[in-house]
Each structure stands twice: as C-alpha cells, then as structure tokens.
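Labels for the chains are A, B, C, D and E, by order of writing; each one numbers its residues from 1.
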C-alpha cells in the first residue's frame, strides 16, 4: 500500500466546528488516523482529502506540526467534495493522503517580526505558522495578525483569535460596518495601510482570495517590504498532488510540489496563471 | 548486438517471444493503431494515429475500488495493473524518444507505481524511418532523428527483404536472442547498407523548428506576445493535439460510483488535457487559463520551454501528430517559429 | 466557380462602410494547403480570404465562438462567409436565438456543382503526396503538387456529405456569390442507405458500432467542432462549466454525472447517443464531426439516421427556416404511433 | 445471484401519474398478477421523460425500459404524450440503428381504466426480453 | 449520495394486504441502511390514528426533516400523510409515498420477489425525498372582475350569472348589438317559443345591470397576465352616435343616401350607412357604419348630422383603447355558418332561392323582411315545394366539415314544421342522412313534424341542384327505396354546418388558447374539464367550443360562470409550487422549452427562459426538451430521477 501514491489512508472525524455559516460556509474538521496511520507535516503543507464516491480535494493542513494526535482542516463549502464534507458527522471516515507541497521556512524566520495577513478562508493555511510562532513565542519578534471577513459572521477561528491576543497583535476587520462591530471596517489591505506595520526585520505572510493578495502585496511593497520579505500561497486546481497530473502547472512549476508556498521574489517570475 | 531478420521471419520471431504479448500496427476502419499482433503482422505502416503511450499510461486506469456500508469505515482495494510482459513492434523513432520523457515525468519527485508497473514489463521494437512519414514530421529539428534509438529496445531498419536489427538495451538483446536462428549474423555489407540507409534517411529534407535550442528562451520572452491569441484563433479547444501526443501526460482523477447501498465504486485516472477549458477552472468559475491563446501557449510552452527548464530536454519529439490531426491545422512548428521570430 | 475578386471587393466594402464590424472567412492556413478560419476586422485584410475546396470548416462555429467572447456586443452585424451547409447551420442557430438575423451578415458562397474535398480521400488518392493547393475546376479538383498538376474528378475526392448535399446554394444570405447549379451526385442519405444495406441485422450493427465506439478517445473534437454544441455546459463535461454568480455550492455538488469521462465503451456510447439525440433536428450535415475525428468514427451515420427519421416520420427538415419550432419541441397529430402498444 | 437462478430481466418503468400509474393501481386493486420485473418510477407526464432517463437506465444496467402514458388525446397536460412519442421514437430508432435490440425499449399507452392492459404490457415485455438475455451493450462496465 | 437529510421511513403492513406478500420488516431494515435514513418503523396500519400518531412522534423524536411512507397508492393516502407530516411540523412536500401495495404486494405472489421489488420502490422514494425541497403553495391575488367575450346567448347568460353572483363583468361584443345568432331566430325548437321574446328581456337586463359594463362594437386586442390577474386591452370602435342622446327617431337613416345589405337580415333586406340593426337592439342606439358612409373625414355628405335634432351624431369620434383588469375570462364567441359558396354541388350560393337556415329563420320571423310570410326571394311568391337539405357541409371529411353540427336535424324539423304552418298546402321535402334527435322532447318534435305536419323525409343525399324554368331542380336519391328523386323546388333551404366563428379564431389567438383540429376552442379535458380552456382562468361557453343548441349553450354558459364564481370566490388563489425553474447559467435562450410548454408558461427575458409560476403545471415537458438541462421541475428534478433510476437498478 505504501507504494501506491494515489491510495489514501483512512481518518476518522473526531470533531467538527462550524466556523462560518451561509452559502460559502466553513467548517473545521479534526481528523484522526485509523489503523495506526499518519504522517508528519510542515507548516503550509496540504493534504488530499477524499470522500469516496465524490472525489478528492486539496486542503491546507490547518493544525500546527507539533500537534501529532490529529490533523485539522478548515473547509469552505464550494462544490462537489467540499459540500459533501459539510454533510459529514463526527465518526465518519474519510480518506487522506499527503503531506503535499513545500512549506513556510519558519525556522529561517527566527528572530524576525512576523506579519500575517489573511482574508476569508485564507487564515487556514497560515494558521499552523501562527500556532508554531506562538508556541515558540520567544524565537520571534513582534507577531501581528491582520484578518478580515465580509461580515462579523464570516470571521473564522473567532475564539482562537481572541485567545491569541496578548501574545499577538490581532487586527480584525469586516468589509461593511455592522452593529456591534468595534474594530476596523473596510477591506483587509486598507486595514493593513491603516496600521502600517514596519518592514524592518519583518516577514509578511499573506493568504486569501487572489484579488486580496494582489492588493496586499502592492501595499506591502508601498510599506517598504522587499519582495523576499513577502510570502504567500497559491491555490491552483490540483488532482494528483504529486506533480504529474499537470493541472496546477504554472510555468515550469507544479504548484503541488514547488508550492503552494511562494516567496514573492520567486512567484513574480512565474506566469500569472493562478 | 546486431543481426539480420528476414522479413518473412518476422512473424516467427513474434511467435517465438514466449511470455510476451506482442502488439503491432494494424489498419482497422481506416485507422492505423496498435493491436495484438496478428499471425501475419507486417510492419508496413505510416505512423499510427495514436502513439504507443497508452501501453504504459492507459487512457483509463483504475487506482482502487472502494466500498462503504453505511456507518462503517470505507474499504479500499487497490487495483494493480495486470502483470504480463508486452512488446510493441513498429514504434517509430519519434515515439521511441517519447519513452524516456514519459519515464522522467512519472518517476520525478515520487514514483508512479502504476506507470512503473506497466513500463517495467514493456519493450519497444522500433522501426527506423527512411523518409518522413508525412510533411508534418520535424524530428530532426527537435534533436531527434529518423533513425534514433532513444527509448527503444530494438531498432529495426528496413533493408528491402530484410530487417537490420539492432539491440539497444539488454531487454532488446534478450528479445532478439529469443528469436534464435531466425536471426542471421549481420555482415559488413549489411552494416554498410544500414549506414547508407540511415544516412539517406537523415539526409531527407524536413521542415522544422528554426532554432530548437533557442526555443525555451524565446518562448519565455514571448510569453506575453499577442501572437498567441492570433495563432489560436481557429482552435476549437479539443483534445486531439494532446491526446495524440506521445509525451502529453496530464490526467484527471474521478470517482465512478456503481452502487449506493452499500456505496461502491472506483477511483480512476483518465487522460486530460490543458486544451479543455475545465482543466484549470476553479470551483468559483475563475480560470487561470481562460482563453484559447493561453491554452495554446501552455501546450507549446510545456513542450518547448517548461519541460526543458525542468529536465534539460525538449518534450516534443517532432512526430507531427498534433499538426496533421488538428481539425483546423494549427501547426506547432509554425507557432514556435512565429513566436520565437517575433522577439 | 465564383469570382473571388468580387467577394474581396464585397468584404472590403462592408468593412469600409462599417456595415459590419468583422468578417469571418477562410484564409490560407499554416498547415500545408489547408484553409483555416479567420476573423478579420480591417478592409486591408479582405484580400487574405480564400475560397477553395479546402474550406471545409463550418464557419458558423467561429461565429458561435465569437459570440461567447466577452467582446461580443449586440448591435452591428458580423459577416460570415457561408457555404450551403454553413448557411443551414446559421439558420438553426438563428432558430435557437443564438443570433438574430440582423446580427449576422451572410456572404453566401455557392459550392456550385461541387463541394469541398475530403483529406482522407485525398491521402488515399495521392498516397504520400501532399498537394500545395487545391482548386475547383468544374467537375474536378486541381491539385498542385511539386510534380505538377493533378486533375482529379471531384467525385473521387469530394467529402461524402458534399456528394449528398441537400442544398449547395446558401439559401440564407445577404449576398451570394456563384450560381445555384443543379447537382447530379448522390441522393441524400445515400451513405446511410448503403450502411443499412450492408449491416442488416441487429447483431451486425452492434458489432460494427461496438468497434467504432470502443475506439473513441473522448477528445471531444466532434463536439468542439460542432456549431450546435454551443451549450455552456455539456452533459458529458466532468465538472460544472456553467458557473454564474448565483451558482450555489449545492448546485455544483449535485451536478449529475450521466456519463463518466472515462473513455470506456459504455460511457463513449452514452456520450454519442446523447449527442446524436441532441442534434436531432439540429444537425444540418456539415459533417465536421466526422471529418475531425482522429480515429475515423463514422459519426455522420448517426446524425444522418436521425435526420432522415425526422424527415420521414415527422416531415421535419433542419435548417429550412428560422421560424420553425425545434424538432423535439413540436409534434404532429399523426406522428408515428405504430411502435406503441 | 447464484448461477442457477433463471435470468430475470430488470425493467425500469416510467409511468405517468395520471393514466399509467393509475392503471397499474387498478391492476393492483383488481389483483391481476403479473411479473415483478418492472419497477415503476412515477412521473408527472410521459412528456417529462427525457431521452436521457432512458439512456441512463440502460447505462445503469436496465435490461428493458418502459415508458407508459395516457392515450393520445387524453394527456392530463394535453400534449405531453405527443412530445413523448416524438422524442422517444427517435430514441428507439437510434437504439435499433446502433444494434441494440429494439425490444429493449417499449412504450405503451395505458389509461387509468386499463389495469388488465398494464399487466399485459408488463407480461409481454418480460416475455420479449427473456430471450434477449442481460443487456450489456449500454451498461457501464464497472467491474 | 449524501444529502444531509434526516429521513424517516414508515413501512405499512396494511393489515395483511402488504405484509402477507412483502416482508415489511426486511424493507424497513434495508431502508435503515440508506444514506440519510435515521429511523425506520413498520406498523400494521400506518394510516390509522395510532399509526399516524406514531409517525408524528418519530418525526419529533428523531428530528426528522423528511418522511417516506411505504404503503398504498399515493392517490389514496398521499394527502393523509402529507397533512400528518405537516401536523408534526414538517413541510408537506418533504413527505413522499412509496406504493408497495397496488404496484407490488397485490400483483405478486412470491414473497422474495415482491419484497425485493418493494425495497427498490421504497429506496427510490427515499432517494427522491432526500432531494425534495420544502415548498409553500404559491399564492396569487385575484381581481374579482370577469371579461366575457361575445354577446350571444352564451355570453349574455354567463354575464348575468356572474353579475348576479356579485362579480363585476365586462361584456365585449364585436357587433353593434348584443344578441348573437339567437336574436335572428324566429321560433326555437322544441317548444317553438319566440326567440326574441325570450332573449330581449335578457338583453335589457344585461344593459341595465349595475355590475355589467357592456362594450359593444368592441374587440379584445390583447390579453396578458395569468389566472386571477389578466389585463385586457379593448378596442372600442366609434359608432359616431352617442347612445345616451340618440332618440331612435330614425330621421338619420331616412336621409342617408347609402344602401348596403343588412347583415342582421342576412342580406335579405338592405340598410343605410347609419342604422340600427333591429328594433330591439341593445344598446338601443344607431350606429354609423364608417366603411359604408360616403366619408367622414373630410365630410362628404353630412346629411344625417344635419337632421339629427338630438345632436347625437358626432363625426369626431375616434377608436380608443381601454385596459381592463380581470381575474377570469369567459370566451363565448359563437359560430358562423359554413359558407354556401363552398358548396359547389348546391350552386355555390349563386341561386337566390337557395337559402341557408338563418335566412329561412328570418323569412319565418314576424319582424323579418317579409313580416313573417314565407315568400321566396326571387319573385316574392309563396313557395309550394320547399326542399330542406340536412348535413349541408357537415359529416363530410373528404370535402367539407368532418363533424356533425348537431342542431341541423332539429332546426330543419322546425323549419319544415314552421313552413307547413305558414303554407299548409305546400310540400316540405327533407333530405337527411340520419336523424339525430337526442334531447328532451326532441324526438317527439321530429315525429310531430313528420306525422302532424306531413313533411316528407327522404333518406339520402342530394347530388346536384340547378336552376331551371324559375325553379330549382333537385336531383337526389332516396336510399330507403333505392330510387332517384327529382324535385322541382320553389325554394331550397340548406342546413349548413356550424363552424367556429371568425371571431373565435381571433379570440383564440389573442388569448393564446388552443383550438381543436376543427377550429373550435379546445377544452382542457374533453370529459372532465369541458368548460375550461387549457389556460387557467380562461373558460369556454357556447358554440365557440363546439356545435350545440340554445339549452346546451345556456347550460355551458352557466357552468362556465359557476367555475369562475368558484375561482374568484377565493381571497387568493393557490397554485402547486412544484413548478419549473430555470438554471440561468445553463440556459442559452433557445426557446425550445417555450415551444414545448403546453401552458405558455415560459417566455424569454434577457435571453434566458423565465417561468411564470402561476401558469406552470409542472408537467416537465420543458425539462425533457431542454438539451442543456437548464430547466427542471422542482422536486422532480433530473437529479432526483437519476437517483431513482440508480435506486431501482441498484447501480
């Protein structure tokens, strides 16, 4: 079995949390491997999750590498596989193979200030980095998290974000003002410009909808961030996860192998086909 | 190992290949394609419509079956390719050159067990070209040759009534040895004849990519050229050029359900192509390559640039299928030449 | 024969006066002698248009593709050069509101007494030789090769569908070049009749079709080249292609897979039967699907079969009029009932 | 299924709600016995039976497909059965043309009063299907 | 596949009706293995009180959101169980029935086989319900006003019934007066009461009724909307005479120089360009026939205006359109006679003394052109031999009309009888094919005509007639005696076929309602919905729907009125919500569905199909026609069908 790169392991859903409701709902699933299986992963890596009969989807591993008992995934309900995930219950068994892709060079960032900028479902891929940084708080400088959703109901990981406060500077935002919302109102890039984090000795890590990333990168550069200080992830369509099926191909890269994490310095040289 | 095989002994040789299933080109319904070799196989074919890539990378491959009774864990049963050694006769050198390229793809990064399982039991007996199979051939310009042995186990050269057989690999040698007395020793005159035939074949005029070595860089520079959309104007976005290409390898993975109580089905891999609009389309409808031009660019760039950047060689072997079979006559040679020439 | 010069003048004129915003026609292609579809927008390009026996593409497809582009705007018409069959397919497209009549300026070209050639027949007739050009010449095609000129009777090279052409003179047109000439090749459905004579029994037919369908590689060239297959999403697409702003996750999740994308016999048949039924009353026998099929599947037989059935049983002729209701959206009281118990 | 069990054709029967399904109800009320091979799927109108349903049933392994509606002129929706007749005629022709036994597809008009006829239609269909054996031409090979 | 539903399956034993043949416990067990099924129960009588209570309890206990009851035919208990589900707080559309009794246990004996089939049936219902949407009936507001088109007896009767029930009525009549054909009749079978005497009072009642707006000399030009909410545009043609001021003095017509045939008298007399159709015309006013007048603009003659002391004439009147909003429409546009000129064998209508039935009615009428004397038109002499030919144009599919006009036997008998009353010494010859005299007192009436009035009935056809020596020579056969008959007749009366009026064709077009192959208005169902058109809210009355006599016309008119009253008595209409829905992204606007929909429920807007929920009956014709799967009926979607097929085949 180990030889078969397309054969998933089995994992049981141990816990489900509804993060965000509505048409594009997000749920977080905690998966525990069956039959003593498992794998180690690094921050930013992904896994192919399957529901048999429906198919597979590439999903970022949203739990930190140091958590060994389970792997966590936050899945937005958008189509065939993801919608099926949203109908599962605790105890159901799904398929999982991985880990796939490269990872954030967290160790190389020791001693630096970290600025995280996420939007929508884009908090999931960078969450393990935030968790790791917080777990090794002493190893890093200032940690700032910018995160925004369309409305207060679209903010994922709300309770966890609250818990971070103290260790981390958290700046939340919503697109449109709503009653009871006391934090920033406007798009994430605007919030970023409002707070103006310093580029000195800093690394910016951003993840979210493509359009948001585009503006965030522009703004970061305005703030003085160099291209090699900016990291992001790209989500191209993927089927195999092992650099063969050709779908995620951008330029010479198979994103499932060379990505999804990119330093802007490298990414800007690739065709913008993502 | 070099030897001479009388053409009339070809079928006996095939019959002597104990433990091998042999395939050879046959004309059926007006289409040349690889079929189980008949008792009177003759290698008198132009290049086949489909390359032999399906032997190692079939259009449909079952990965595993699944079954799940409600409330229970799914049961997965992997499906392995059926064992059995297969030998493919009559492979033209351009298709032979595709073999190492496919090998690279499927072994790169992690090894694809399905491809490997089929490939390791597969042998190719090639047939050198005396003249271009069609005016669309351009193997020479992409580093190949009508007599190339790359990727082949045996290369046959037609010497009129006889074949000159050259074992390229150990497997090839074994195949020839299995023919035993059917093969005669090749003498100097035959060697000479073969050399001449090869030289004549290589000397045949061919059109081609103007400067293959410069193509990767040229395509990089021409990435944003408006020519792509213009050249793709007539393209209908079908899968012919890629499905028939000996080195195109993109695929899709799908679950095919055959029963719901209990849930039953299989996960299968099927060929896919960058020329289909859904290939890269996200759930949101966003499509990173949403125009015919961008998809043509992907195909051509993959062959002439990205593959080169990754593996140091061009992926295109110049077989000309994508040109001759394209419903609207889009010509990869022209495309490369024009884009490269425009910068 | 038509006067190409006059056609060029016409094209230049309508582009110059701005009567149309572009012209879809054929030009010399990059691959050998073949013509290829092209859309031109300036009067200067008029001269590049050609009309010869290699103009087999049905340009209404190009028009459909134009329409799908975001740059398409209703208003000023776009012109298209159309053979008899192309004009019939334009008629069907207009029947289906794909275009309004005033959105398309039809430049008819008559195949007058001839038709386009069939590459496969050519390859058989001139094995190993590929001509540099082909031209109409009365009842023959003149093929120019390195070795000189070959005058080959049209009948031997002509595409099957042209031999049986229902109407070589484009009826739907704003302007037409060439004469309507009486033709004396085969009656419609001749190939179909031959097939039916050869494969009489159910078992024989199955043997035949099984072999054909098993060969299909699902490259979808037949669908891609078909002007009537302009659906936003085809029943055989493997994922949702028609995604709008209001498409819900549930809708995407619940996409029916009538047919898997696997190239297996049953799924291939599923695809081809579905397509044949979808083209019933719409297929106008341009035979492009059959021409492009890389593995030579005689798709035309399927479509011809239903076209003849529509004609015989329902008195329906596809592409006859813009105002006709679709075959499957209409009925007559005396449609066949004999097969019902 | 064990090898000894005689072959029983599997039939998908699309019955219109107003006539044929009601007719089959009447067969029930009248306790007319007929073979159990046909499993009914009730639809509003035979005119709503898309050719795709028929193809799909064969694809999924039906040995026979029956579409039954109201007699011509009696459609609850006036014209539904006219539409059905035309579309499904084409399906039938196509099946036959491609070498699928024409007897595998059947249409009937059965009114709400024709319980006996419904039973007979099913009986005949089963008998006609038996000699044809299992349908594997259009059936998806999913080993 | 997963649908995220919580479904309960309730398997009924139906005493032994099901349980004797089907292993209900096994069915329940199998269903428990289905995706989404969270509870299964079997019970001896599910439809009994305790059975239903158990369902309710299970719904609540298991927080079910959908229910499948596998039991008897849905025709019996679908409503019961849907209501029951509703009582438990579910939406009634999330309950489906699997029929394992009529379609299974009662028709099979083998327990194994029947159980297997019951499982398939149940499974397909489970899969279907898994994709059902909760739906609420569509509420439609209603306008409590009715449009009646046609002012013959049918329209008059319907209007009065409706108005008397308290509804507002707009009665639109094309002609200048109410009355239709009935007002032209002299006496009516079988009682021979005077037509005018019984109709005029009704006409007066209509004109005076506070609830009825009478619009004569008007035409309906356009109708849009749907049941409960139609909008009609009515063209009111100018009469150039103000009915309020007109004193009916007749001065104007005296001075009018123009003479044209009088339609009311079927050309037997003439009228002027300004005229009143007949004395009792309603509205009681003169009308200026613009097409006959020498010229209004510019005024050429102007004589009538000069003499009108009341000043009722106004040359400046112009056509105007009026929009009325109504909740329902009754179409009563009546019949025309099949044109005499179509009948070559009977002289193409060229002989003056060959009359049609209506002309003969006028000859017999006391108010008619001959003041009630039967005189032949050519020379005003009293005809002594009159030949009546029945089935003139009827029952002749090869050349004329295929149908039986139903009333001709009766009115010919009436004509023969009336003639004999007027000319006792005359001879009345009647050629007939059959005598169809079904109706109360009808057969007796015919017998009286034959016996008391001594009309000579000849069974056979007239092959030809021609003029000779001032007479009409009639050549025919008497098929009973087998002899050829030749009669030198003074007058011939043709019982011409009754055909839908041209106004009927126009109305059908405007209303977009169907007509049958003969052109009569098509009823929604020939047996069960004889007064409804295919389009909800549009009803049919009278001869526009098919040949009939006055009692039948009146009965149908009242029936139509009753239907309308029933319809409009609801404060809101409710329409089944299982209607078609368009998947916009897939629709290409090809209009195939539009053509396929029998209810005209679909139209195109911005290039996409749009379904009018109120008109859609959910038949699915559109969905089966659309190549692109762009339209589907809610709760019977292709997805559901697909899953049901899978369930049945265990795919």
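In this section, a residue touches a chain if its C-beta (ideal position, glycine included) is under 8 Å from a C-beta of that chain, and two chains touch if they have at least 3 such contacts.
Only a predicted model underlies this, so the values are computations on that prediction, with no experimental measurement involved.
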Where chain B and chain D overlap in contact partners, by chain label: C, E
Fewest hops from chain B to chain E - one hop per pair of touching chains: 1
Pair joined by more contacting C-beta pairs (C-D or A-C): C-D
Distance-maximising chain from chain D - centres being C-alpha averages: A
Inter-centroid spacing, chain E versus chain C (mean Cα positions, whole Å): 46
Chain A and chain D, separation of their C-alpha mean positions in angstrom: 53
Distance between the centres, which are taken as Cα means, of chain B and chain A, whole angstrom: 39
Averaged-CA centre spacing for the pair chain E and chain D, given as whole angstrom: 35
Interface hub residues of chain E, defined as touching at least two other chains: 1, 596, 625, 638, 642, 646, 651
Sequence positions of chain B contacting 2 or more other chains: 252, 254, 256-258, 263, 265, 281, 283-284
Residues of chain D whose C-beta touches two or more other chains: 51-52, 56, 79, 83, 87, 140
Touch list for chain C against partner chain E, complex: 96-98, 230-233, 235, 242-244, 246-247, 251, 254, 256, 258, 278, 325-326, 328-330, 333
Partner chain C, residues of chain D touching it in the complex: 51-52, 55-56, 59, 72, 79, 82-83, 85-87, 89-102, 106-109, 121, 124, 137-141
Footprint of chain A on chain B - complex, ascending: 63-64, 66, 68, 72-74, 76, 78, 105-106, 108-114, 223, 249-255, 257, 263, 265, 267, 269, 272, 274, 279-284, 286, 288-289, 294, 298, 302, 305-307, 309-310
Chain C residues within the chain A interface of the complex: 239-240, 248-250, 252-253, 255
List of chain E residues in touch with chain B within their complex: 1, 30, 33-35, 123, 127, 643, 646-647, 650-651
